[in-house]
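In the two complexes that follow, chain A is the common piece, with chain B as its partner first and chain C second.
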Partner chain A sequence: MNEHVLEEKQITMKKQAVKKNRNTYLWGWLLIAPTAIGLIVLNIIPVFQTLLMSFQNVSTFGTSTFVGLDNYVKMFSDAEFWQSLRNTLVYTVIQVPLTVILSTIAAVLVNTKIKGVGIYRVIYFLPMIAAPAAVAMVWRWLYNSEFGLINTILGYFGLENVQWLSDPNVVLWSIIIVGIWSNIGYNMILLLAGLQEIPQEYYEAATVDGAGKIRQFFQITVPLLTPQLFFVLVTSVISALQIFDIIFIMFDVTNPSLNKAQSLVYMFFNESFVLNDKGYGSAVVMVLVVIIMCITAIQLIAQKKWVTYD
Partner chain B sequence: MFTKKSMKRTLSLALGLSLFLAACGNGDSASSEEDVTLTYSIWDAIQEPGMQAIADAFEEENPGIKVNVEVTPWEQYWTKLESSAQGGSMPDVFWMHSNEIANYSEGNVLMDLSETFESSENVKLDQFPEDLVELYSADGELLGVPKDYDTIGLWYNKSLFDEAGIEYPDEDWTWDDLLVAAQELTDEEAGVYGVLAPLNRQEGYHNFIYQNDGYVISEDKTESGFRKDETVDAVQWYADLSVKHGVSPTQNQFADNSNLTFFQSGRGAMAFFGSWMTAEMANNEYTAENVDVAPLPQGEKQATIFNGLANSVAENTKYPQEAQKFVEFLSSEKAMKLQGENGSAIPALEGIDTTFNEAYPEFNTQIFTDQMESGVIKPYTNQTTRWENIENEQLIPVFAGEKSAKEVAEDIADQVEDILADE
Partner chain C sequence: MHNEPTKKSKLFIHIVLIIGSIIMILPFVWMFLTSGKTIPETTSIPPTILPESFQWENYKNVWNVLPFVAFFLNTGIMIVVRVVTSTLFSAMAAFAVAKLEFPGKNLFFWMVLTQMMIPAQIFLTPQYLLVQNIGMLNTVTALIIPGIISAFGTFLLRQFFMKLPDELMEAATIDGANIWQIFARIYLPLAKSGLVSLSIFTALFAYKDLMWPLIVNISQEKMTLSAGLASLQGQFTSNYPQLMAGSVISIIPMIILYIIFQKQFIQGIATTGGK
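Moving on, here comes the complex of A and B:
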């Protein structure tokens, strides 16, 4: 075989490789296209539109005018904004840890071999498949200070009526309770999947070595569950920061305690769609986007310290 | 099991999903060549039977044109209409409200109907309440034709009045009569209140402001009425029903149970509700039996807030002629009668309004049409919802008894006038 032929062969092989490579890329793009297009059209483009609107005075149908940072300046001197931001952060700081802890406990409990474990799993998961608006409506009835079930039960124990929906010191807790209740099920299922991946041998070995159940939980279960815990934590923080429907359904605009309950997304909705000031509403929601991005980025960095992957 | 890489991907996806806002457009419904189908969009399910009856009558008179009555609840109606306007797929004919008309008229998305009605033989515009025609007109263009009007009444529980041995309210009642009766009717132990006075504008203190010779917005729409003592005093008097006299539940109590709940469970002897609530009262077993309605009490003078809806046509409708024909029919005597007889709402057409009373023989609904004489149109400007929001926010502490109306009046006036100046 002379050199010339060898060279030619190499070139054809290279060409084939390039072609094959190109083919792979094409298929790759084709396969992600439906999701990617949906994401771009429904999420990414609107994000930039919202960003643009936050610098504008938006008229509903007509032309919008640029107002620079006016919306942001107005926002930072708006007491309502700071109160909403505070409510949102307090809600997140309390709701997320409680939800994660309770759903971990629930996951461990429904992972045991007890009778009717399927029924328990369904019961825990039910809040997740119910429409949030319907859930909030039912809770509104439960919370009713005069006829509500909760106060009736408290009454049996001789406790005083709680103004769940109108006492400014209580309203945020009312929302937190509903928030925890409706999120435990979903997180529990994610954690349950993780629990079932942990090999039984570890526990057997630990038992042989004389480790009790509690020690096993903290030294085997928790470390091996960290990938799921991390995922649950990140998504919980994001959804907690976006709390809206519970507040929207449970509180009327004339409720004296609304300002102690309203979240940033509630304020965004109110400004954008009720008061028709889309520019200002966009500015409010941009702050939320930045907060969520920062917190999530921090979590992504911090995970290296505590999440163990196989 | 999650791997680190897939975890990162999932997370960046979650990050992306955390950003929202979606624009949506509706597809146009295709129509066959001969038949034209018009969409008539409304928000009140209670009025659906009446509107359907009108649509049926129209279809009968106009073979080849079909009308679909489409109900979207108020909460979603405006967001839906707005995005359909931006997407160029508005319903052909739809209800319009005084809070929103300015927005839509600025957007140039409504058809000018003035020519249709100037040349119309069966409908004359001067047969409709002048204020309403003006409300739905802009720059000489008629952007909506009044459909109905509504006024506010003093609803009372006959059984509770009988038990207390007090005479029913009548047209001579004054504010003092109301307060005295409310005090006698209040029974704290039984949890019964003499009157229900929640923080509510149209069905609440706005009526009292005008009865006291005050106003909410000046006629030239540049000044807030909260600089006038008449306005401030009226608001305080109304708020005091709960704050000072305790004859009404507090605003905190209304957060749990609406005034309608109180009234329908026999725990409120008197309440202010608009004429549009008549069907609700008739459909509820308790109120159908036990309640009736009287004119609002008078202060310095008699006054009630009145308002009305209109029918509008989309500027870019595919069937302009058919849509105009339908809106002309909606305003005709025949359709107005159907509206009244079905008890949907008080017809806006002069002389036909009383047909509404025939639909509800159990109540003295005549007071609604009689009160039109002292009717004051619901205050409106181009930015109604914005200054209404200011009023609401500022008055919450007044209704909680933390501040007096006088203390917040200047703030309200300043902020409202800022908005008016921007218009």
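Moving on, here comes the complex of A and C:
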């Protein structure tokens, strides 16, 4: 073959490759364009805007004046902020472990070979598909101090009425109970998926070795379930720290115990969209974001100590 | 455990699970029973368990007080548009990230991951101001806007596309198909289970969302079921039969869908939550 022709062929091939590459680039950009633009406009820019607003006084019609650290200074000397922070953290610290433990038990039980497990799964998942407004509304009714079903049942056992929605020492527990009830099914499904991946042989071998069910649970099930447990833990903590819906529906603005119930997100909502102080609301949300990011980071680091991936 | 339990332990498991089921289902049963009662029936001590005669008027009344038809339409439109756009856009982006090489790919994927890690409240006020600036407050469009795209969906579907072999791409390229055709005709159908899971997930969370519809849409006519129901509370503080009737109306469509598609629902949530 003529050398000249060969060279020309190579050049055209290179040209084609470059063209193909350019073509691929173009397609790549085109395909990500809607999501990329959406992310920039709806998420990336807003992060900086919220940060900026937290240093501003934002009026109703968007004219803002820079006020430096005023919002933060105000916040750190605001008893309402500290109370909301405390409520949020206490809620999370109690709700999450209880939910994770109960969902693990539920997942293990619905993973057994008994009749009707499918029905149990469907029932436990039910709270997850109901609108939180409806869920909170019916719980508000169940919690009613005079005519509510819960106090009536307590009455049958000779127990005194509990002021579920007005006793400042109880209100947070009322929210925790609804929180657990709403989340068990969701976590159960996630954990169940993990349980189903554990090879049956492990249990058979353990049974042959004479290990009892309880020992099997702690020595086989729990260690092999740690990746799912970790995922459930992280997502549960994040969503617990963002608790809002239940509080918003169950407590009237006029409820004197509201301050013992309200969360940081509730405070953010109230400041930004009810009292219209968007600068102050942004400062509250910045604190929430920092807390969530820190806790998540700690969990990611701590996972090396207890999560086993195979 | 997974191995065959003994008869005794089977009975024990059933008892525990049944007690759990009662706790899970009782609020819904009580909601329904209350929705059929008269007010005196709800305020008698001890309370009546079953309504003497079921008061369907409660449903009629609450239906007349609140524009439920609008609620259903708004919620339906919001869900359908969000599901269609976010699933399509996520699939496109996920395919590009999983199967193509182009500059800026990593930067884009970092943006996706960052969005997923940051709590959503930080976006809310600027999103609200954006909707306000384009004059869209109090519209159905406002309900849709934050859900047009989905970082989570992109992340989820990327995992589906990564599992599919690259050879499909090479074979199709030789056959002269362009990248859009390869995506739409070859890879997209193969990711069907991922698309279904994502759609269910998106629909469920759009339906459950309360804060966004609450802040952007003030007039009742533009509210979703969730937010509309919340506004009922102010109007009937202690008329529990009507409050419960409203609650039943707003959860019934999802419950029906759930009962029909329970497998897909549970599977969908399991895959979206899984690794």
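Throughout what follows, the second predicted complex is superposed on the first by the 267 of 310 C-alpha atoms of A that agree within 3 Å, B and C clash if a C-alpha of one lies under 4 Å from a C-alpha of the other, contacts with A are read in each partner's own complex, and residues count from 1 in each chain.
The rule is short, and it goes like this: contacts are C-beta pairs under 8 Å (C-beta built on N, C-alpha and C of every residue); 3 or more make two chains touch, one makes a residue touch a chain.
None of the values given here were measured: they were computed from a predicted structure.
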Exercise for the section: Report clash or fit for the pair chain B and chain C bound to chain A in the combined superposed model. Expected result: clash
Practice task
For A:Y72, select first, second, both or neither according to whether it touches chain B, chain C, the two together, or no partner.
Solution key: neither
Problem - Which of chain B and chain C A:Q49 touches, first, second, both or neither - result: both
Exercise for the section: Please work out whether A:V234 is in contact with chain B alone, chain C alone, both, or neither, and reply first, second, both or neither. Expected result: first
Exercise for the section: State whether A:L149 touches chain B only (first), chain C only (second), both chains, or neither. Expected result: second
Exercise for the section: Check the residue A:W173 against both partner chains and state whether it touches chain B (first), chain C (second), both, or neither. Expected result: neither
Handout entry: Contacts of A:L165 with chain B and chain C, given as first, second, both or neither
Key = first
Practice task
Please name the chain, chain B or chain C, that touches the greater number of residues in chain A.
Solution key: C
Practice task
In the overlay, answer first, second, both or neither for which of chain B and chain C A:W181 touches.
Solution key: second
Exercise for the section: Could you look at A:E204 and tell me whether it touches chain B, chain C, both or neither (first, second, both, neither)? Expected result: second
Handout entry: First, second, both or neither for A:A130, with chain B first and chain C second
Key = second
Exercise for the section: Starting from the residues of chain A touching chain B, keep only those that also touch chain C in the other complex, and list them. Expected result: 39, 42-44, 46-47, 49-50, 62, 144, 146-147, 194, 227-228, 231, 235, 238, 242, 252, 273, 285, 289, 292-293, 296
Handout entry: Residue numbers on chain A that touch chain B, as the complex places them
Key = 39, 42-44, 46-47, 49-50, 59-62, 143-148, 163, 165-167, 194, 197, 227-228, 230-231, 234-235, 238, 242, 251-257, 273-277, 285, 289, 292-293, 296, 300, 309-310
Completion exercise
In the complex, chain B touches chain A at residues 1-4, 7-8, 10-11, 13-23, 78-79, 82, 85-86, 103-104, 106-109, 191, 198-200, 251-258, 385-386, 389, 392, 396-397, 399-400
Problem - Parts of chain C lying in touch with chain A, wherever the complex brings them together - result: 1-5, 9-10, 13-14, 16-17, 20-21, 23-28, 30-31, 34, 42-47, 85, 89-90, 92-93, 95-97, 100-105, 108, 111-112, 114-115, 117-130, 132-133, 145-146, 148-151, 154, 178-180, 183, 204, 207-208, 210-211, 214-215, 225-227, 229-230, 233, 237, 240, 243-244, 246-248, 250-251, 254-255, 258-259, 262, 265-266, 269-271, 273-275
Handout entry: For the chain A and chain C complex, residues of the former touching the latter
Key = 23-25, 27-29, 31-32, 34-36, 38-47, 49-50, 53, 62, 106, 108-114, 116, 120-135, 137-139, 141-142, 144, 146-147, 149, 152, 155, 181, 184-186, 189-190, 192-195, 198, 200, 203-204, 207, 213, 216-217, 221, 227-228, 231-232, 235, 238, 241-242, 244-245, 248-249, 252, 265, 268-269, 272-273, 278, 281-282, 285-286, 288-289, 292-293, 296
